[in-house]
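Next come two complexes, and both contain chain A; in the first it sits with chain B, in the second with chain C.
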Partner chain A sequence: MMFGISTRVWLLLAAGAAVLIALPLVVTSSFAIDICIRILMFSFIGVAWNLMGGYAKQLSLGHAAYFGLGAYTSTIMQINYGISPWIGMVAGGVVAMLASLPIGWLCFRLRGPYFTIATIATAQALMLIFLKFRDFAWGAEGTTIPNLGNAPLMMQFEEKAGYYYVALGLLALGLAITYQMEKSWMGYYLVAIGEDEDAAEAIGVNAPRIKRDIYLISSFLTALAGTFYTQYIYFIDPATAFSFNISIEAALVSIVGGIGTLWGPVIGTILLETTSALLQSWLGSSLGGVQLTVYSLILMAVILWRPTGLMGIMTEWYQRLFRRRSVQT
Partner chain B sequence: MLETVVQAVINGLLIGGIYALVSIGVTLIFGVVKIVNFAQGEFVMIGMYISFYLATQFGMDPIVSLVITMPVLFAAGVLIQHFLIRRVLGPNDMPQIFLTFALSLLLLNLALMLFTANYRTVHTFYSDEAFHIGELNIPVAKLIAFVVAMFLSGALWVFLHTTDLGKAMRAASQNRDVAMLMGINPNRVFCVALGIALALAGAAGSLLMPFYSAYPFVGQVFVLMAFVAVVLGTLGNVIGALVASLMMGVAESLGIQFVGADSGLIVVFAMLLLTLAFKPTGLGGGRAR
Partner chain C sequence: MEDALVIQKMSKRFGGLRAVQDVSFSVKKGETVALIGPNGAGKTTSFNLITGFHRPDSGSIRALGREIVGLRPHDVCAQGLARTFQVAKPFGAMTVQANVMTGAFLRNKSVDVAREKASEVIEFVGLSAKEQTPARDLTTIDQRRLEMARALATQPQILLLDEVMAGLNPSEIDQAVALIGKLSERGLTIVIVEHVMRAIMAVARHIVVLDHGQKIAEGNPREIVENPEVVRAYLGSAHVATPGETGA
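What follows is the complex of A and B.
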């Protein structure tokens, strides 16, 4: 027993980690590795969203704000001052945390759907501001990141496997934080707020403080993904860094996978990103809108028939299997 | 200088009438059904495409095509309430938010697939006409749109205050549980609310067509305005939404005139953030009526 996890689960986790670490050694196709990297990164963003959106049910559709702030902080530091993106990544996280305080102060004045709308508006407003910053952040044209060849200290790798391991590390960090949070008093407070905020406050949960704290953590993590993605695609502009699609995907993977569960965002991302990759290889990029059409149909199906998401379905299957076995013995 | 200001205010008021049709729909649904319809803008888009095809295929004037877009979208609203929204009405926010959000994504991307991202315009004989009063310009197409929008808003007010069904809707919006105890059939009231809201969005689409281009993302502009206007005018308050929409139109127009052509949206966001910071219950002071 370590951290309250049984030996069997530790062995399972170790085996899973070994497979994931060995994967880039086996899979050499750059297309396949790219899909794996996207899955890891969007799982991580989903995990960051899920901390606040899943457990405390503060359904944000504005996480692109923090993704973009992380991306811009590290890029500005790297290009203007030559500071490594590894440092820039943490700095970006801190900038995102600082930004989440006033944004949260405004948005948390509203509840439910209007909280969601306020988060959309703040993310869009940030994008507009960065479009205006011509001398400071390259305006609408954006900029490319100078290619330094193989420079792990500057978060640049010749092999895609390098990026794969960075994304894997980020996801592991996100899952570890979620796991710790789930077991702590904070996790229970968050679930209580998510179930019924007024009732939680009535029994003494300081809801505004808890919501502020989880927003800080969630925005910090989302910003790390922003830095990573910019380094991975070697390009930044307001439309990609503050893309509404990032906010959508963060929420979608968690809801489809299972909102408010540890592994939900990961499972949701695997389903959605695989679907998207398959669609792309079947149809090519000729038909705009296909990917999001399919995503929205999946989302509707989940909401109408399985609000607990894929995790709910899997738990049900597991229980059915388990019950049948126990009947037989 | 004064003329520039007056001209900007006139332009803002005229487009504000269209914003009002969209916001009244959003606030009506919020007041009666207690959900936010994220897809409201997409129904404006659908109204525009219906008018566009009626105009190009059958030569029907976009304003006249109101008689088709409004009933079609009313029916769509009833069906959406009956088959989709009814299934997610519960204490939980998540399904309600993400069902209409998914609907918005679906309609937007279907439009992108079916109609491509091209801009479509309809040119009518009054599209370029304008009344001139001294230095001031009043475009005929926008004036017609404004007048019809105000007429429709007024008709809705009369409906809500004089008919039994309208009173039932106001009762349901004030206190749903008590309204049900009084024998009001909630699903029927909700269906009518969705139908009226979508019909107003469709009307907005038809009215826009003589002077505005249709494209798949067009609804996003209007729904954003509507959300801000609905917060500003107090959630669920029809008259508040109307007044706030006109204010938003004027604010946006003044922003474009004096700050720069691309700053209309910045003004809108600034208004939303200021409202949230200083008057989160809206100008009406928190009462839905």
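What follows is the complex of A and C.
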């Protein structure tokens, strides 16, 4: 027993980690590795979103704000001052945290759909700011990241495997934070706020403070993904960095996978990203929009039949298989 | 004996409606006081004012020697006042145990300590058999038990119970009355809002009667039953159905 995890689970985790670490050595197709990197990155964004949107049910559709701030902070530091994106990544996280304070202060006054709309507005407003101010952020045309060849200290790799490991590390960090939180008083408080804020307040939960704190953590993590993505695609502009799609994707993978669960966002991303990437490569050019249609169909199916997401289905199967065992423990 | 809760000239308006007007009463330590009155008399509003969910327009509320007007609900709870809601608000997705643990975290952030505290109060309210049941699957009386257990887990000195007997059948009411008696024996100060007269007479030594936001009477159960003002405003309405008495 370590951190309250049984030996069997440790072995499973170790085996899983070994497979994931060995994967780029076996898979050489650049297309496949690209899909893997996207899965890892969007899983990570989903995990970051899930902390607040899943556990505390504060449905933000504005996480692109933090993705973009992370991306821009590290890029500005790198291009204007030659500072490594590794440092820029953390700096971006801090900028995102600072930004989440006033944004949260404004948005958390609203509940339910009004909160969601307010978060969309803040992300869009930030995008407009970066579009307007050409002096410090290259305006609408954006900029490319100077290609330094193989420079791991500047988060640039010749082989895609390098990016794969960075994304894997980020996801592991996000999952570890979620796991720790889920097992502590914080996890209980978040779920309580998500279930009934008044009832939570009545038993001593300082709901505004807890929501602020989890928003800080969630924004920080989302910003890390922003830096990573910019380094990965060597390009930044407001439309990519603050893309509404990032906000949607963060929420979607969690909802499809199962909100408020540790592995939900990961499972959701695997399903959605794989489907979308495969459909795009098979049909993308011949039938425009098919990929989006299938995407929406999956989403509708989940919301209609399994509001608890894929994790809900899997837990059910697991319990059916091991019913006798789970009764005993 | 010392006063646990002293309310002086507490008032609250909602637009043109005077929900609570200059209400004053006090509760001694260890005493059980009932707050009664027809619908819309201002009982639940009084609870919301005391527990910080609404801020009184004027007046003072002192709990355990400290002014609590202006504190947010979680601060009021930390001061040692816990409440239940008229409509039970369980955290449906959580188990009974997790619900109660959430309350216990107020005094100690350790999961193990909270689990122990939770199992103690869950046993006290008689829910041990359903410790691992999701709260949304509980029956009405069990939801009320859960509300009480969750409030008790915060280790309050004053417990405010808002219509915990509504919707219960006669035998369940007896169980609830017994439970409140047990709480009182433990030394808890209890303020209870209730419609079930049989239950009030059984648990409360002292009764405060509200009508249209004002206190119209106060005294022991016998005095209250014989008070003509009360009979007219409240008890009378049960026998002579006066349309004007409902609503507001």
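As a working rule, the second predicted complex is superposed on the first by the 317 of 329 C-alpha atoms of A that agree within 3 Å, B and C clash if a C-alpha of one lies under 4 Å from a C-alpha of the other, contacts with A are read in each partner's own complex, and residues count from 1 in each chain.
To be clear about the criterion, a residue touches a chain if its C-beta (ideal position, glycine included) is under 8 Å from a C-beta of that chain, and two chains touch if they have at least 3 such contacts.
These figures come from a predicted structure and were not determined experimentally.
Touch criterion not met for A:V166: it reaches neither chain B nor chain C.
Once chain A of one complex is fitted onto chain A of the other, the partner contacts of A:Y189 are limited to chain C, with no touch recorded for chain B. Applying the stated contact rule after C-alpha superposition, one finds that A:A200 touches chain C and leaves chain B untouched.
With both complexes superposed, B is the one of chain B and chain C in contact with more chain A residues. In the superposition on chain A, A:I45 contacts neither chain B nor chain C. Contacts from chain A toward chain B in the complex involve residues 57, 59, 61, 106-107, 109-110, 112-114, 116-118, 121-122, 124-125, 128, 131, 248, 251, 255, 259, 287-290, 292-293, 295-297, 299-300, 303-304, 307.
Of all the residues in chain B, the ones that touch chain A in their complex are 35-36, 38, 84, 87-88, 92-99, 101-103, 105-106, 108-113, 116-117, 216, 224, 227-228, 231, 235, 262, 265-266, 269-270, 272-273, 276-277, 280.
Within the complex, the chain A residues that touch chain C are 183-185, 188-189, 191-192, 195-196, 198-207, 260. Per the touch definition, chain C reaches chain A in the complex via residues 51, 53, 72-74, 77-78, 82-83, 85, 89-94, 98, 101-103, 105-106, 109, 111, 114, 150-151, 153-154.
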